[in-house]
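This structure is in structure tokens; I'll ask about it shortly.
Should a chain be cited, it is by its letter among A, B, C, D, E and F, assigned in written order, with residues numbered from 1 in that chain.
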Amino acid sequence: MSSERVATVRPIEESQASGKVAEIFADIRRTKNIDFVPLFWRTLAVNALELELVWTSLKRLMHPEAEGREGLLDAKTREIIALVVSATNGCSYCVNSHTTALRKLGLSTAALGEALAIAGLFNMTNALAEGFQIAPDVLPPLAD
Amino acid sequence: MSSERVATVRPIEESQASGKVAEIFADIRRTKNIDFVPLFWRTLAVNALELELVWTSLKRLMHPEAEGREGLLDAKTREIIALVVSATNGCSYCVNSHTTALRKLGLSTAALGEALAIAGLFNMTNALAEGFQIAPDVLPPLAD
Amino acid sequence: MSSERVATVRPIEESQASGKVAEIFADIRRTKNIDFVPLFWRTLAVNALELELVWTSLKRLMHPEAEGREGLLDAKTREIIALVVSATNGCSYCVNSHTTALRKLGLSTAALGEALAIAGLFNMTNALAEGFQIAPDVLPPLAD
Amino acid sequence: MSSERVATVRPIEESQASGKVAEIFADIRRTKNIDFVPLFWRTLAVNALELELVWTSLKRLMHPEAEGREGLLDAKTREIIALVVSATNGCSYCVNSHTTALRKLGLSTAALGEALAIAGLFNMTNALAEGFQIAPDVLPPLAD
Amino acid sequence: MSSERVATVRPIEESQASGKVAEIFADIRRTKNIDFVPLFWRTLAVNALELELVWTSLKRLMHPEAEGREGLLDAKTREIIALVVSATNGCSYCVNSHTTALRKLGLSTAALGEALAIAGLFNMTNALAEGFQIAPDVLPPLAD
Amino acid sequence: MSSERVATVRPIEESQASGKVAEIFADIRRTKNIDFVPLFWRTLAVNALELELVWTSLKRLMHPEAEGREGLLDAKTREIIALVVSATNGCSYCVNSHTTALRKLGLSTAALGEALAIAGLFNMTNALAEGFQIAPDVLPPLAD
């Protein structure tokens, strides 16, 4: 009987990785400029196809510079989206990970608080709009 | 038998509003620079206390300039938080409302797509981190 | 291309029901004191076992008087729980159904607003507590 | 590598608080009649504006007597709403906090079980109504 | 101040159980072919009615063979549904419990990863479809 | 004022598509063996990168045969995962789409009801396990 969180599969150790998995691990360290492969990626690696799919998507959206492109949103905004989605869903691993990323990008504690306050506010208004079944009164313009 | 969404309470018409409610309706039109009071606020007005609480919170966080302050995050980032929280929760009224606000702020369709793609990505990673019960491998620095 | 909501299975008409399903339909009309079987139950009836399971659970918890027992919570509190859970999850059918039930029980529009305001408030605090990863500071007493 | 939950920001110690924050901390202790400031409030205090907004909303809705008003719902019903929303969202801090509050208000363990059983039931029916895309068959009366 | 998860009510010990509760505990051990009663059931037992309702539903849907019936879906598919719902909701107890059940049924780690990858994928598409408010373009046939 | 759901961006018409987008549209029609491109994909196409990312992921996980591989789970199980995740999140577009897919794969109405009943059941147990804060009593074996 334990309340400590332990992954339900055995993560791949970096030293065990080979082939495709080892390549992706190296790409993660390089792209994120970190000297270890986070547990999230070592866990996904139990299924190499899954690791590749998720990493490809995340790299493309969150590290466009690694592919010689620029994102339409800046890095801080992208990580704020990650944080507020994770707060809304209550994902502990994810909140910690994206808060760490935002610290590296220089977000102050007060600004972190503002982002979460706004996320909290709209979780409130979402429940109200659904709880009263309010129909949209104005549709957004389809401009481009 | 109807699938059309209709609010479960009778919204307050602008012409019916008096006292505190009328004041808040005027403040909404002025602060948001719009010439009507959206259905969301006219619905909350069935309970004046509720209208006041939600409007006060939203005005303070989303319209700091109306109180002579500056937010720590810019207006576009604030509305993006609103949108991605609403997309995560599946709130139809809210998605429409915040998309409209982002259009007014000049967000392009491609950037809107990028914001939602990132929100989608992290709804995926949230489910993965929870589905494997991954424990945080690194705690964010408590800087500040 | 249609945005009108239509059930993905063909609901059982009351006149078509026979055997177990007809018995449960009759029990629903009698227990809820209504003269039609709501679409929810006619839809579940596509799988008789499912209809029986959900109706048995709902009858036992929401209509204890029909089984000669009293609930520990009163009828209004029970329906308020149903409403705020449905608002939190954004279930349109359910919000309409439980608002209707609360009207029958005499809940005023202002009190409905208060219930939803409180539900909204705690959707906000939930996102904040998760967004900051706040650990419980006090465990509830295990009285009884 | 740790699975212990630790807040992502450094909470404000009660002895460190000054100005607006100290006033709110005192109001929390007085209004809730407790001799410490819970971690939730000390964490929000990293952004004084956020602390003020959330406390003002919570005090107004959950402690109307502190403002010389009466709520339309009683204290036990209000805390039950808080609990079932928190259970639905899976917020650990919040479930513990509101269970503690309900114990103080005298809710028995069996009644707590009934409240959660009802919350569980409607999380089930919500998924069913959405999973079959059932359209509302009856709209609530807009009486007042 | 503790982040360890502890149930908010005192679970019933197997040796303390009597009457209806003892019968259900015995049925759980027998039906699931395990030599202890999991904490989930011992916790629900604080309200005997609740224990009976949830166990009856779960036994009927998840252990049809115990009632001399066959399910329409096989045991592995049923447990996969349990797992992906739990991953989507972020329920720690449930993810652990259903992963254990899937191991017993012989699911490989790679297949577990595939199930969660698919669950992650559709949490992403759900957020996208809601975030763009996409209307159904094709309604399913009402065959049968 | 309208409650009809309309996408917040202008979907790309099939006849308008060119380059990368046209290629992906063709691949969608071919891989899914349908003669139109569903609204979901035409909407994502407002951002070509996003369209590519989501389609690549979905094709790889849901149509492995198109890449000369076999999935570890069969096609019906994969679509059931899609359906129950969508039911849990309340995504209307997605529930319709995956129900249609399951019909094509031959799932009977009764089996569809069983899948949703099981999804409903575990949404109930998830809320109960979280509402009582039950700690895992048994960790899954890390076999493989």
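Assorted remarks:
By definition in this document, contacts are C-beta pairs under 8 Å (C-beta built on N, C-alpha and C of every residue); 3 or more make two chains touch, one makes a residue touch a chain.
Since the model is a prediction, treat every value here as computed from it, not as a measurement.
The chains that touch both chain A and chain E are B, C, D, F. Chain centres computed from CA atoms place D at the largest separation from chain F.
With C-E and B-C as the two chain pairs, more C-beta contacts join C-E. Centroids built from CA atoms put chain C at 34 Å from chain A.
With each centre defined as the average position of its C-alpha atoms, the distance from chain B to chain D rounds to 21 Å. Contact with two or more other chains is made by residues 1, 3-6, 8-10, 39, 44, 46, 49, 53-54, 57, 61, 84-86, 88-92, 95-96, 99, 109-110, 114, 116-117, 119-121, 123-128, 130, 132-133, 135-137, 139-140, 144 of chain C.
Residue ranges of chain E in contact with chain F, taken from their complex: 4-9, 38-40, 43-44, 54, 57-58, 61-62, 71-73, 76-78, 80-82, 84-86, 88-89, 91-94, 96-100, 102-103, 108-111, 114-115, 117-119, 121-126, 128-130, 132-141, 143-144. Taken together, the chain F residues at the contact with chain B in this complex read 1, 3-5, 8-10, 44, 46-47, 49-50, 53-54, 85, 89-91.
Chain C meets chain A in the complex at residues 83-84, 86-92, 95-96, 116-117, 119-121, 123-128, 130-133. Touching chain B in their complex are the following residues of chain C: 4-6, 39, 90, 92, 95-96, 99, 109-110, 112-114, 116-117, 120, 127. On chain D, the positions that touch chain B within their shared complex are 1-3, 6, 8-10, 46, 49, 53, 56-57, 60-61, 135-137, 139-140, 142, 144.
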